[in-house]
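Below, chain A partners chain B and then partners chain C, in two separate complexes.
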Partner chain A sequence: MKIRQLLLALTGTIAVAGLGLGFVVSQTTSAKAEGIRSGYTYATKETQGLQDDEMSNPGYLWVDTGEDLWSKAEGDAGKSCNDCHGDAADSMKKAGVSYPKYKDDIGKMQNIEQRINQCRTDNMKAKAWKWESNQLLSMTTYVRNQSTGMPVSVAVDGPAKPFFEKGKAFFNQRRGLLDMACKHCHEDNAGNLIRANVLSQGQINGFPVYRLKWGKVGSSHRRFRGCNKQVRAKPFKNGSDEYVNLELYVAWRGRGLPVETPAVRN
Partner chain B sequence: MKMHRLLGATVIIAASVGMTFAASAETVAYKIVDDGIPKSLTGKSGDAKAGRKVAYNRKTGNCLACHKLPIPEQQFHGEVGPDLKGVASRYSEAEIRLRVVDSKKMNSDTIMPAFYRDSGFTRLQKKWVGKSILKAQEVEDLVAYLMTLK
Partner chain C sequence: MASARLKVPKKAKKGDIITVKSLIKHKMETGQRKGKDGKPIPRMIIKNVTATYNGAEVFSADWAPAVSANPFLSFKVRATESGTIELKWTDDNGKVVSQSAKITVQ
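Take a look at the complex of A and B:
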């Protein structure tokens, strides 16, 4: 517990240390010279304070629910997550930094939510949880929370390459009546005010995040849908291939950032 | 003002050849001459007072999302685009009209939406099909308002 708090408190510092990295990155991508920055560094002091303090961070309600579900046996196999994986603090430590991952059996990328549901259907013989359900959000938040403070590092080469390219194309594709791409707001204008909001780099190292506006925790795909809708574009479905590929690209944009789940945002 | 972006921008000079853009469901045809659209889209001049409202109304122009404007009673002016104070001293009416109608004619990489275009979009939400963000009258009202910002 104590370590967790310390890591959370250090998050800002680590993100600043990421500056050096950013300069290297900007030679091969169009990432801004200011470096890779967590949304945390654009948030107000109040919001940062909420995130840093495990006692006041409302996202921990979901972490706690996830912890309960971890050892609850469900499904025809009569097994819980704990029966196969043991202590999540050890077995799930790396999961939060490495998804989405390429999966041979499905021939495409899989993100954490989908991995959790595959364990449920294949190993527990239980029903898959619905996207954005309290259970799936809690388990995802709990699993990713085990990686808090560790640097995001997704594989984008080898079989992941074509999916990465699709995600990148999505990020740069104009959409909707406002005809804007993700990059127009989160690459060209990170740090600028858009009406009352400071645009961040649109990083996902803190997801699932607790959003004050939502009054609950939400997935990165929910955020993608929101950003698509605000430019008056038709969003894709949660868990769609399009969003999983986009998630891979966006995770890669934030490579090296510490996992902050559950982050707190406005 | 973000100089790096302006310098890096691709400037399309479709303008100087005098291209005509056809009318469709919602929009009327207009002709680009040099860097501007000299003729009013409605054939009449707009109402500056109504245009000021279009500029801050979140449901219509919402120019304040990205631009600072001399509209002190409205909180939160964006800083994505340049301050529009004095814009009428920098540009002619025709140039301002083109920038509101479709700023991509000047800068293909701009974040600024084309406010008077009704086709050529990707994954448009159904309710916006065949629509432009602003109507011809609203564009003219805005142009009239911006022309007061000397």
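Take a look at the complex of A and C:
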């Protein structure tokens, strides 16, 4: 048997083994027929409970930090986000549902983290925040929290189309030593057990999410990296074109799902 | 920086049992993990959390390394008089974070 992989698609069980690393997926549901579902619906009652209450959801600690940063003037222009945008509850209400967006000036897609950093560099004359830094995570969580409850709706036609197609190809492309695509876990096996975890559809409506395993909030790109590494594939950089295009496709897969930022996941 | 949250009902009737909820940002490093270099990461947890109601202690807990990162804490207390409920978290470094909230008791 090849080291690379062993994929047995039996009616009852799927077993994938590779390089001393074994995934056993036990099939209990017919996944594809489930419709679009948030990761929330696959989480345990305890995890859902943590998310539901703003006082028990640790992600709100990042929302609070983002709120503080919102009114803090920084950079050579001496401006804060608040100076230009005013109350985030109004000005940022729609921002959380529509990114990644096609941007004419750069000729490609831009996600919300990058949009925030563009405001830092161009409008505030301040340094861009580092990816996964406390500041960028807090601000992204704060901005996206303003859209909580609103349906995800990204534009994938017109100039966004070629980038959408790239993201879709990435999602369906086998990779890594285990030779698996996102789709093998999150489309074909959503609802089934992988080791001790229930596989979800891999939706990003709750991002940045508070992950119990991380003990903090993390971006969708951090999650993509983790999922790439899981199949022993080389992860791309946070903020890379590859991941922004993938993010567009994944956001579209979850179209209509309510924004849950900050969601809680294990 | 807001690194802790505290929620107390704004109003209560005298004698009511009220629920106090809190969250604090802290990594709660157990001291039992090893870093990438193979060396143990020193323990760094919140070792005590204490609540006072108008200065009188109403709740106190010594925490152990098994408490999760960014811990949530909730407890009940009887509303006796208007005033302030304050929580203080103290970690292994002796750093203290406090957060307070007002309550009106009728």
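The criterion applied here is as follows: the second predicted complex is superposed on the first by the 235 of 266 C-alpha atoms of A that agree within 3 Å, B and C clash if a C-alpha of one lies under 4 Å from a C-alpha of the other, contacts with A are read in each partner's own complex, and residues count from 1 in each chain.
We take it that contacts are C-beta pairs under 8 Å (C-beta built on N, C-alpha and C of every residue); 3 or more make two chains touch, one makes a residue touch a chain.
As the structure is a computational prediction, the values presented were derived from the model and not from experiment.
When both complexes are overlaid on chain A, the residue A:L212 reaches chain C alone and has no touch with chain B. Contacts of A:S56 after superposition on the shared chain: chain C is touched, whereas chain B is not. When both complexes are overlaid on chain A, the residue A:C185 reaches chain B alone and has no touch with chain C. Ranking chain B and chain C by residues of chain A touched puts B first. Within the superposed three-chain model, A:L177 lies in touch with chain B and out of touch with chain C [touch as defined at top].
Of the two partner chains placed by the overlay, only chain C lies in contact with A:D68; chain B stays clear of it. When both complexes are aligned on chain A by C-alpha atoms, no chain A residue touches chain B in the first and chain C in the second. The touching residues of chain A, counted against chain B in their complex, run 173-180, 184-185, 188-189, 192-196, 199, 228-229, 232-234.
Those residues of chain A that touch chain C in the shared complex are 50, 53, 55-58, 60-61, 64-65, 67-68, 210, 212, 215-216.
Those residues of chain B whose C-beta lies close enough to touch chain A in the complex are 5, 58, 62, 64-66, 75-80, 104, 111, 113-114, 121-126, 128, 131, 133.
Residue ranges of chain C in contact with chain A, taken from their complex: 1-5, 7, 21-25, 27-28, 68-70, 72, 74.
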